[in-house]
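As written, the chain order gives the labels A, B, C, D, E and F, with residue 1 at the start of each chain.
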Amino acid sequence: MKLSARNVIRGKVIEVTKGQTTAHVRLEIANGTIVTASITNEAVDELALKVGQNAYAVVKASDVMIAVDD
Amino acid sequence: MKLSARNVIRGKVIEVTKGQTTAHVRLEIANGTIVTASITNEAVDELALKVGQNAYAVVKASDVMIAVDD
Amino acid sequence: MKLSARNVIRGKVIEVTKGQTTAHVRLEIANGTIVTASITNEAVDELALKVGQNAYAVVKASDVMIAVDD
Amino acid sequence: MKLSARNVIRGKVIEVTKGQTTAHVRLEIANGTIVTASITNEAVDELALKVGQNAYAVVKASDVMIAVDD
Amino acid sequence: MKLSARNVIRGKVIEVTKGQTTAHVRLEIANGTIVTASITNEAVDELALKVGQNAYAVVKASDVMIAVDD
Amino acid sequence: MKLSARNVIRGKVIEVTKGQTTAHVRLEIANGTIVTASITNEAVDELALKVGQNAYAVVKASDVMIAVDD
């Protein structure tokens, strides 16, 4: 499947925390930067996400803001 | 200003393309990965975004999806 | 690529309208319902979206609201 | 109330799962496709969402991505 | 139609700017604060949005971030 | 940090409710209007959000819809 989302960043899963319905997944991308995703528990199960595996953070361009230092 | 958004990734602006109302800004983050943001022209002007300057890509955790290879 | 997004709905592209930076793509899903997506022109080009082809509307669960009749 | 959101898809509630703050609501839309929404518990209570009732999935066009088969 | 979105803020339209596909609509809410919405041209036409009329800014709770002063 | 997000609305925190992973934060903005944000528990802790303090609701323009009365 090819996706219109402009941002697909490769990383490694370093943490998976499930709540009652919503999970937080943390990915370390290449430069030590951590990306946090809030997804459904169901998606965690379906993708069988586990610490240590490779995965991608996927973000639609319209969900990215830009900031600059003052 | 401290922000609740979990993802603030430092990079360098490599492209700014304005449309009639919406602009696309591309940031190169540390590992050669490009992040594309779709923001208002107005924000581009207000932040005075220019190719070559440092900036941050900011994304709320609930806007990040996770993907894995099949 | 397997994606965490809970909603992947199959349809047929019935309209592609490009603006200067942002395009609108309309998909007819099985029951005659039309889904409209606002994506980058770049994504339209990269996916080579054309009227008549099959495609999927993909939506993260946290971007879906629910409404009921009064 | 008339809404700017381009996507309002009619369906029937088939599942409501509340977590501590966030609920998942599943709608079956006409062609057997299931749509999952992640909304607040509060919204579930206010709309009095129940399995079997009619409801709509509402999505802003800028939150819809497009995918195609490889 | 009753909507799950937690935030429905009443205001007055003070500006409507259409691009080729995407429009920016500005609402003044009660305390002089301006809210900017980026919506499709099509929605502007369908709602017949005009400067001076009453309207509501509608935002899903999961799209609201919180910031505090440093 | 200056942010591209068009909407930064000042208010006072009137409620903070943590779930297992996701928290709801309510802000009263100047005209008695309440804004609800769904953010990570982690952000609540990092910003040390407490009832009674000043804070801002921050929303990207592309996440704002417009509604009008029928």
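Rule of thumb we're sticking to: a contact is a pair of C-beta atoms (placed from the backbone, for glycine too) under 8 Å apart; a residue touches a chain by one contact, two chains touch by 3 or more.
The model shown is predicted, which means the values in this text are computed figures rather than measured ones.
Trainee: Give me the chains shared as neighbours by chain A and chain C.
Mentor: B, D
Trainee: Among all other chains, pick the one whose mean CA position is farthest from the mean CA position of chain D.
Mentor: B
Trainee: From the mean C-alpha coordinate of chain C to that of chain D, what's the distance rounded to whole Å?
Mentor: 16
Trainee: On a C-alpha centroid basis, what's the spacing between chain B and chain C, in Å?
Mentor: Computed from C-alpha means, the inter-chain centre distance equals 23 Å.
Trainee: Specify, in ascending order, the residues of chain E that touch 2 or more different other chains.
Mentor: In chain E, 1-6, 19-20, 22, 24, 36-40, 42-43, 47, 56, 58, 60-63, 65-69 touch at least two other chains.
Trainee: Tell me, which pairs of chains are in touch?
Mentor: A-B, A-C, A-D, A-F, B-C, B-E, B-F, C-D, C-E, D-E, D-F, E-F
Trainee: Using the touch definition up top, name the residues of chain D that touch chain A in the complex.
Mentor: My answer: residues 17-20, 22-24, 36, 38, 62-63, 65-70.
Trainee: Which stretch or stretches of chain E touch chain F in the complex?
Mentor: 5-10, 24-25, 27, 29-31, 33, 35-39, 43, 47, 49, 53-69
Trainee: Which residues of chain F touch chain B in the complex?
Mentor: Residues 1-6, 37-40, 42-44, 46-47, 56, 58, 60-62 of chain F touch chain B in their complex.
Trainee: Can you check the complex and tell me which residues of chain D touch chain F?
Mentor: 1-5, 19-22, 40, 42, 60, 62
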